[in-house]
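Two complexes follow with subunit A in common, the first pairing it with subunit B and the second with subunit C.
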Partner chain A sequence: MASRVLIVDDALFMRRMLADILKKEGFEICGEAENGKEAVDKYGELKPDVVTMDIVMPKMEEIDGVAAVREIMKIDPQAKIVIVSAMGQHALVVEAIQAGAKDFIVKPFQPSRVVEAIRRVVGE
Partner chain B sequence: MDNEKRISLSHLDLLKEIGTVGAGRAATALAEMLNCKVDITLPETKIIPLESLDKILGNPEDVYFVLDIGVEGEIGGRIFFLLPPKEAKILGSTLLGQQTEDIDTEDVLFQSALKEMVNIVTGAYMNALSDMSGLTIMYGIPSLAIDMVGALLDFLFIQIAQHSDEAIFIKTQLKVKDIEFEGFFLFFPDIESLRKLFEVLGVKG
Partner chain C sequence: MDKSYRDLFFAESQEYLRETNKALVQLEKNPNDDEAINTIFRLMHTLKGMAATMRYDDLADLAHALEDVFDGFRRKRLKLTSAVMDVIFESADAFATLTEQIKEDKGVSLKVTDYIKRIKNILPAGETISHQSLKKTSKGKVETGDEVDRLKKLVDKNNNLFSVEMVFNEACSMKGVRAFLVLNRAKDFGQIAGVTPSEDDLKNENFELNFKFVILTDKNEKFVTEELSRILEVDEAKVSVYDPEPSKGKKGANPMLKKIQSMRIPVERLDKIMNLMGELSIAKSRLVQIVQTKDHARLEETTHFLERLVASLQEEALKLRLLPVSFVLDNFPRLIRDLSKKIGKSVDLEISGSEIELDRIILDEVGDPLIHLIRNAIDHGIESPQERTRAGKNPKGKIAIDVSRQKGHIVVEVSDNGKGMDFEKILHQGQERGIISIDETSGIDSDKVLDVLTAPGFSTAKEITDVSGRGVGLDIVRNKLEVIGGRLELESQKGKGTTFILTLPLTLAIIKAMMVVMGKDIYAIPLMNIRETVKVSEDEIKPIKDAEVIRLRDEIIPIVRLGKELEIETTPSEDGQISVVIVEGRVKNMGLVVDKVIGEQDVVVKPLGSFVKKVKGVAGATILGDGRVVLILDIVNVK
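So, the complex of A and B:
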């Protein structure tokens, strides 16, 4: 069965791009969210196999990308989250990984980099 | 302006270097996104009295796509991308894989593509600045307006005049697919942040 992915990014363009890349590789896009709060809610509802998470997004109830990673990890300590963000500064990468993210991809990316990261975290 | 706030020539040199490294990384990021060649001209770094800002940006009635991002964290300031409608359409259509003449500037996906491009280019610039300084620099979500240069100037004046009567202005010009772009990338770091940056990088006035 295809792995189910929840895509989290405030930019419609980026959600569309990630969805196209992943669908072509046989993943199922089970949902999309455009802020951290929505991501946490949808995670609980959809139970995806993997989440792609942007960092800089409009803050809803003080939840940005890294906070959303922490919230999701509270719901499901086994959650598999890959950060996809334009902000690639060392301190932020460390913060996201400490929060529980499994990988960190800096935009712009080669499609193969995203596919490999997601395959690796879902153990395909 | 008091002496403490003055910017020396060695400071200006450092700002030029930051501009060059940042713009280089930003151009690489843009080339990767657009999948075509992107060249940058050497950034122009100036200290200008606020009342001269209008001379740099040209005719106040020219209409631009203005993308605006707030910079925060250990460095504060503001970044503006100014793109004339024609260039905005070329960039948007390249990102979306569409014909330039088919682009509707009101289209949500087109606007999202432009904003995401600015997000990524700003990210590349700030990541470079962070690598050089060791400071963590955050930035916000781009907002997009289609407006006349005059309106932008009013806004800048109000923003910057609170802190200073001069503005540090780092301008970069782009060449995409061998077309010289009329647009600008403007970075206005605030004076306090600059002082911190100079300190971290060990430049004395």
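So, the complex of A and C:
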């Protein structure tokens, strides 16, 4: 069965691009979220196999990207989260990894990198 | 690139530019508007990612430069003056113009490097800020040859020691973070040491594409190889059994403790249990008889007998798990000698109360936190002999570990007579980094200081040292204690020294709890968390903002209506008096409103199954004499 992906990014542009790349490779996009709060809510609702998470996003109810990783790991300690971040902000990415994110991809990314990262994380 | 992406890019970046301008205007009106700063920082970061994806490198670079500026504001490393504001406005306009020119596709005339140069001029000297910020949060331990030696000693039939060499792909970006990710992943299934180059060099990207470390793990070579090669951008993970070359350095300290796997039990304790078991089976046959004769008077007598027997049996069984604290403390004189020698300090150790017995499991859990505290004391607490002499102190420092029994708990105090902590400075830093907020009235309180010190990655150490690294790891100490139902407190006097007070439960299996009623059910609140119980009338509960508080002897205590919080139906009391249980939360005291307080009781803690494990506010369950299941509330996390 196709792995189900939840895409979290505040930019529609990035969400669309990630969705297209992943769909082409046979992943199912089960949902999209544009801020941390929505990501946490949707995670609980959709129980996706893997989440791609932008790290710098607007704060909603005190939940930004890193906090969203933390919250999701609380809901599901087995959650598989891949950070998608623009270059820089090393500290935030490190924080997200400490919070439990499994891997990270740096924007601009090669489509093949994204697919590979997600395949490796879900253990395909 | 697909045309639809292009359209989407321009539509969305225009929207973000509008938002940016709006926030900029707000910021000009009020230079302290943190929200505006955060918004622009985020927008620039997002635009940078989008532009880079579209390969509009000029736009990406400009956004990056602006992101650095706003990161600087966020971290209060950069002041917002009107000159700075001018540069920002101009750059934002340049960004808009450039976007427009790219969109029109009629050639680009704007020279982005001019703008970037001007932005760089307002940034503090040195690298970009987003890069520097890495150093602040890194909390890697500095590994030494001694660490490898230590792991070598732990090799047995279940644990292997491997050398690992990681090779990253050339296209790997942010390799410092990637190295951190690899080490973090490796720590999931083993202990690592001998990281070369050092973890700090790795984080600061002072390496090519490969690095090495040693790992002690119960997994096999294949597992380690597979697990590590699975990480993105890893070209190769070379794993081989560690070759024990003779180590150059002298034998090191033994900074982590082994878990207790077997223990001696005095024969008399076992005999006592056998005796009690014998009496228990006599009681059982008596009960069988009574069932036949239906003799009520004897039933009562036998029940009492049984009650006493079970209580003694429980007590004896718990004693089986007890070990003197010396089991752990005996390791410390050597540890302190080695650690202090290494950094050229001279420290005496005084231990008292080491004969006091503690549950084996708690002892296991408390060993590492104690080592952390001692390392901190030697590293940050005790001054160098020269400094001590100058301050009129004995050049030899002193660390004291004092174990005592207090009111159903075991209290371990770790104190040093070093330089103490500057509470004001720590609180100030905590406030600066947004860990705590302080209003003028609250004053200096050691719990707040502890909150700052235990924030992940926080450290007041100016230099990295071999002993406790940059992060002092107090967060780990505090978490560990809280997991086993203990507590960490801090006392310190500038110039005189620092004391950490660890309050531990006697055992994990049985706790004293206050039984309360809510609705139809009974709940247990661990007595350890409770300060007192009071009764108030409804009109003594006052609303403040969106919370409710009561006033208790000049102290304002926020109250939590437990029923509402846990979504349980409650029955209001008939006399109009409301029972409030005052508990000591992690940050502040709270009053929990319950229907009725029944009283204290010893309860046997049963862990919840995985099914209900994650329910918020519930720590476990217990079974009452009448077979009713009672939930034990987790006060620290209830709100």
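To be clear about the criterion, the second predicted complex is superposed on the first by the 121 of 124 C-alpha atoms of A that agree within 3 Å, B and C clash if a C-alpha of one lies under 4 Å from a C-alpha of the other, contacts with A are read in each partner's own complex, and residues count from 1 in each chain.
By definition in this document, a residue touches a chain if its C-beta (ideal position, glycine included) is under 8 Å from a C-beta of that chain, and two chains touch if they have at least 3 such contacts.
Please read these numbers as outputs of a predicted model, since none were measured by experiment.
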> Between subunit B (first) and subunit C (second), which, if any, makes contact with A:Q89: first, second, both or neither?
Replying inline: both
> Of the two partner chains, subunit B (first) and subunit C (second), which one does A:D41 touch, if any: first, second, both, or neither?
Replying inline: neither
> Taking the superposition as given, does A:R16 touch the first partner, subunit B, the second, subunit C, both, or neither?
Replying inline: both
> Between subunit B (first) and subunit C (second), which, if any, makes contact with A:E25: first, second, both or neither?
Replying inline: neither
> Do any residues of subunit A touch both subunit B and subunit C, and if so, which are they?
Replying inline: 10-14, 16, 56-58, 85-91, 106-108, 110
>> Help me check something: in the complex, which residues belonging to subunit A touch subunit C?
In response: 10-14, 16-17, 54, 56-59, 74-75, 85-91, 93-95, 97-98, 103-110, 113, 116-117, 120, 123
>> Quick check: in the complex, which residue numbers of subunit A touch subunit B?
In response: 10-14, 16, 56-58, 85-92, 106-108, 110
> Which part of subunit B faces subunit A closely enough to touch in the complex?
Replying inline: 29, 32-33, 95-96, 108-109, 112-113, 115-116, 119-120, 122-124, 126-127, 130-131, 136-141
> Can you name the residues of subunit C that touch subunit A in the complex?
Replying inline: 4-5, 8-9, 12, 16, 38-39, 41-42, 45-46, 48-50, 52-55, 64, 67-68, 128, 130-131, 133-134, 136-138, 171, 173-174, 176-178, 180-181, 184, 203, 230-232, 456-457, 614
